[in-house]
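Note that the chains are named A, B, C and D in the order they appear, and that numbering of residues resets to 1 at the start of each chain.
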Amino acid sequence: MKEVINLPVRNIEEEEYHINMGPQHPSTHGVLRLVVSLQGEIVKNLKPHCGYIHRGIEKMCEKDTYPQIIHLTDRMDYLSAHINNHAVCMLVEKALEIDVPERVQYIRTIVDELNRIASHQLWWCSFGMDLGGLTCFFYGLRDREKILDIFEESFGSRLLHSYYTPGGLMMDIHKDFQKNVKDFIKYFRKKIKDYDRILTGNIIMHERTRGVGFLSKEDAISYGVTGPSGRASGFACDVRKHHPYGVYEKADFKEILLPEGDTFARYMVRMHEMRESMKIIEQLIDNIPAGDYSAKMKAVIKLPAGEYFQRVEAARGELGVYVVSDGNKTPLRMKFRSPNFSNLGVLDHISRGCKIADLVAIGASLDYVIPDIDR
Amino acid sequence: MNSFFKYFTDIFHAVKSLLTGMTVTGKYFFSPWEIVTQQYPENRKTLKMYDRFKGEVIMPHNAQNEHRCTGCGICETNCPNGSIEVIQNKIDMPDGKKKRIIDQHIYHLSMCAFCGLCIKTCPSNALAWGQEFEHAVFDRSKLTKILNKPGSSILKDIAE
Amino acid sequence: MNFSIYDFTSFNQWIDKFLNDNLNPFWAVVVELTIIGLVVLLFYALVGLFLVYAERKVCAFMQNRVGPNRVGPYGIFQTIADLFKLLMKELIHIKSADTFLFNIAPFIVIIASFMAIAAIPFAKGLHAIDFDIGILYVIAVSSLGVVGVLLAGWSSNNKYSLIGAMRSGAQIVSYELSVGLSLLTIIVLAGTMQFSQIVEGQANGWFLFKGHIPAFVAFVIFLIASTAETNRGPFDLAEAESELTAGFHTEYSGIKFAFFFLAEYMNMFIVASIAATVFLGGWMPFHVGGWEGFNRVMDFIPPLFWYFGKTAFIIFLMMWFKWTFPRLRIDQLLTLEWKYLLPINLVNILIMAFVVLMGWHF
Amino acid sequence: MDNATLKERILGLVPEAEFQENKQFLMFVVPPSAMHELSFALKHEADLAFDFLFCLSGVDMVKYLEVVYHLESTTHKHQLVLKVRTADRENAAVDTVCDIWRTAEFHEREAYDLLGIRFNNHPDLRRIFLEEDWKGYPLRKDYVDEVNIVEL
């Protein structure tokens, strides 16, 4: 006698077609996993799964002294390592109420902006590559190399510098630093026109990005999307303007705000920001005052008991460092409000209803760096 | 009629934008002097790293095989990753006192994060950055290095 | 017996006569077919290897790089090394794949491109088969490849592969129209579908110049559509490595992957040679009607040189597209075809028919 | 709104809120029961309009667990820090604010993952960084893990 098998009735319409984008996928820029539910090619919803390279930096910070923490912050958002260092250094300086020499402020601001350009260049590479234009990748890296060479000459390393220390800098800038930076600005002003010609003006790129992944201003604020992605939605969130640090007050620059809120706007904000950063550097580079490259610091840095918060504008958005100190040389709790972590939260919201190809473009325009999400 | 013209102007602008893009790649195709790639193993002889390049931590020795390390261990406490171990020795001084000197300064390159705190905090400037960058080895244990050379001694004026 | 590099007809006749003298007619045909098969196979492999190398060098120069430069002088043996690597790689067996279809798919793809080569005239007399419906045959055969792509995507039992294969299906179905119609424009001008006659018809000027505006429009459309048909350049949606990792051939490894890879380059070669033959005169030297002296000088350059030069030029154009443009999205791809290329193409045929009717061509 | 009037305003909304001295921010400790209601008021009342939650952190203060909310108004540019404390380490639970500030969804998941603070009414309260079967909450001070944490 044959056994009767009752097959479940399958409703094709309601069944979800899941795709695991990642952890190994070319367009997630690292080990991020997006579980995407599809209907045909259209994204119904997606769930980000992160934590594949969670290293517990916040836990490690609780065991480290403040100068030792600096090298850990390098490894969060490795593309804006200097800016991350800057946040922690400023926090310690603010807690100890130390006046940092003017020279240090200038150098830090210039190096931050160089780092921002380098980071945006890499973003441009990967944006072009995610859209399918592989050549962009090499042009971006070619020009980024020039900045990395300047970094290497002055600070000894290309990516993870640990150049700032609480109270100042590890060492003074190289004697050729100013000349090299000026040469680079001259070089990059020429090359950025190529960027515009090959990608910004391209009709395929316009079609791919215009009106894709719309994020309204209200949502940007509510989701805490900061940095270029937030400013593309009209959210005035530039920490350099609203809570100035370093010597940004002395430089004349615009906060780029675009109202469109789509992928193309996020692209354009970054392109403009590279130019603004060059403007800032040009204004400051000749005016670096002479002086000491570090303030006098005690051998053991102990923060007075209390809570401190420092915000900086990292390349991808607002980086917040929150420290609870109990008066010891190690913090009781150190929390990094990483820009990418908040920016990732919005991905599900803005990619619903778009196609897989759009999802890749949106992901590229949000420009996440996975170690910064996972920390 | 308007949309009819728009149809053709769209095509015109599209083609124009595509051709602009092609001029960029075409220009680079025909300008091989702009190639930026370095032929790495071949150019080893001419390759020079910057003075400040952080290749590895070294302990400079002078011609008399003398270094500046007192073996105080400040680098060890400052290292965030525990990549430095300082092993001290006690020797009897002629005046009867015991004195600590360095026996071995062990440096685990595999754990080093190149933060530079050991070099910055060293009170006698005994450590420095080396420009060597070809660290690949087949055995992990080769990355553990002893920085003071065998038979070396501390520089006279540091010791006093 | 006399043969030259300008005309291979007498050479072919000599072989034919030699075989018929020594063998009975049946075996003579068998031997001839075998020779042709072997020659085409060898040619196929050589062109494939060379194109892979050329592509890597071209893209490297466009990207300010040197490209392959380790194996042999200027890296010319790089692709051979790659071939050996692919030959030695493990053929990964996919457990839940449809094994029969999975194995057969790369062969379908490669056979489709193989068959198309047979109808292409390389030089006078150097022509495997001269169909009187040559163009129709090539269009029909070259579009068979998509069956292999669809099967590969379906049988891999992989979601990325399936999406890639479906994209490819939609893409070929639409762009086949444009390819056909743009070739039809020239057929209207040439009045024949036979490749040898099309080439002969361009003895006093290439069709691109003879048919002026409509021929030029058809040429541009053919370039775009054939790039799309070969899954290349800005239209590589079926592979789309930043979206679908590798699209339809995600699950393939070793030599089966190499087949897909080789077929892509051969398809590129085939469409380039069709474009060269139909629009740019194939092996016919650059002639201008009436300029006898000039034509003589041009005749001095061997036809094979002309043929490969033109094909290489078209291939270079296609590589240039690929290494410059970002990828289109699937709906934009279809919009481009149905809203732009197809209507323009239809109007263009009408114009061409009118031009031919009124005798306004050169 | 300057900090003095803002202080009055907050105390008017939640009288039992406890003011804390801080050089940088206006800081209040709010009882957990009042947090959600207060958040709603902070976001939606026109003179407050705290629409940007720029940081949400969980802290283990050994005696109690704490959730710290850093708020900013993008229109009025004033800032505020709220704290919610819970002494119950086993079943620490706080009302979610992710219906008010959407960014809290991920940050609350992080706090749950690393500190074990549960958020009531959270739509998707799962571990975000660690695996589902991870035992314990790593950022707590009493967390012991002999395998994964290397003591130097």
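Criterion: a contact is a pair of C-beta atoms (placed from the backbone, for glycine too) under 8 Å apart; a residue touches a chain by one contact, two chains touch by 3 or more.
For clarity, every value in this text was computed on a predicted model and none was experimentally measured.
S.K.: Which one of the chains is closest to the middle, using the mean of its C-alpha atoms?
M.R.: A
S.K.: Between B-C and A-D, name the chain pair that shares the greater number of C-beta pairs in contact.
M.R.: Here the pair linked by more C-beta pairs in contact is A-D.
S.K.: Taking each chain's centre as the mean of its CA atoms, how far is chain B from chain C in angstrom?
M.R.: Between these chains, centre-to-centre, one finds 51 Å.
S.K.: In whole angstrom, what separates the CA-based centres of chain B and chain D?
M.R.: 41
S.K.: Starting from the mean Cα coordinates of chain A and chain D, work out the distance between those two points in Å.
M.R.: It comes to 24 Å between the two C-alpha centres.
S.K.: Roughly how far is chain C from chain D, going centre to centre by Cα mean, in whole Å?
M.R.: Roughly 64 Å separates the two chain centres.
S.K.: Where in chain C do residues touch two or more of the other chains?
M.R.: Answer for chain C, listing residues that touch two or more other chains: 62-65, 323-325.
S.K.: Touching two or more other chains, which residues of chain A qualify?
M.R.: Only 135, 142, 198-199, 202, 204 qualify.
S.K.: When you check chain D against every other chain, which residues touch at least two of them?
M.R.: In chain D, the residues touching two or more other chains are 152.
S.K.: Using the touch definition from the top, list the residues of chain A that touch chain B in their complex.
M.R.: Residue list for chain A touching chain B: 64, 67-68, 70-72, 135, 142, 145, 152-157, 160, 162, 165, 170-171, 174, 194, 197-199, 201-204, 206, 299.
S.K.: Which of the residues in chain D come into contact with chain A in the complex?
M.R.: 22-25, 27, 51-55, 57, 59-61, 68, 70, 74, 77, 81, 101-103, 105-107, 110, 114, 127-131, 138-139, 149, 152
S.K.: Which stretch or stretches of chain A touch chain D in the complex?
M.R.: Against chain D, chain A makes touches at 50-51, 54, 56, 58-59, 63, 218-219, 221-226, 235-237, 242, 306-309, 311, 318, 320, 322, 324, 332-333, 335, 337, 341-342, 344-346, 349, 374.
S.K.: Residue numbers of chain C touching chain A in their complex, please.
M.R.: That would be residues 59, 62-65, 159-160, 163, 167, 234, 236-237, 240-245, 323-332 of chain C.
S.K.: Which positions of chain B touch chain C when the two form their complex?
M.R.: Result: residues 11, 18, 21-22, 24-26, 28-29, 32, 34-37, 39 of chain B touch chain C.
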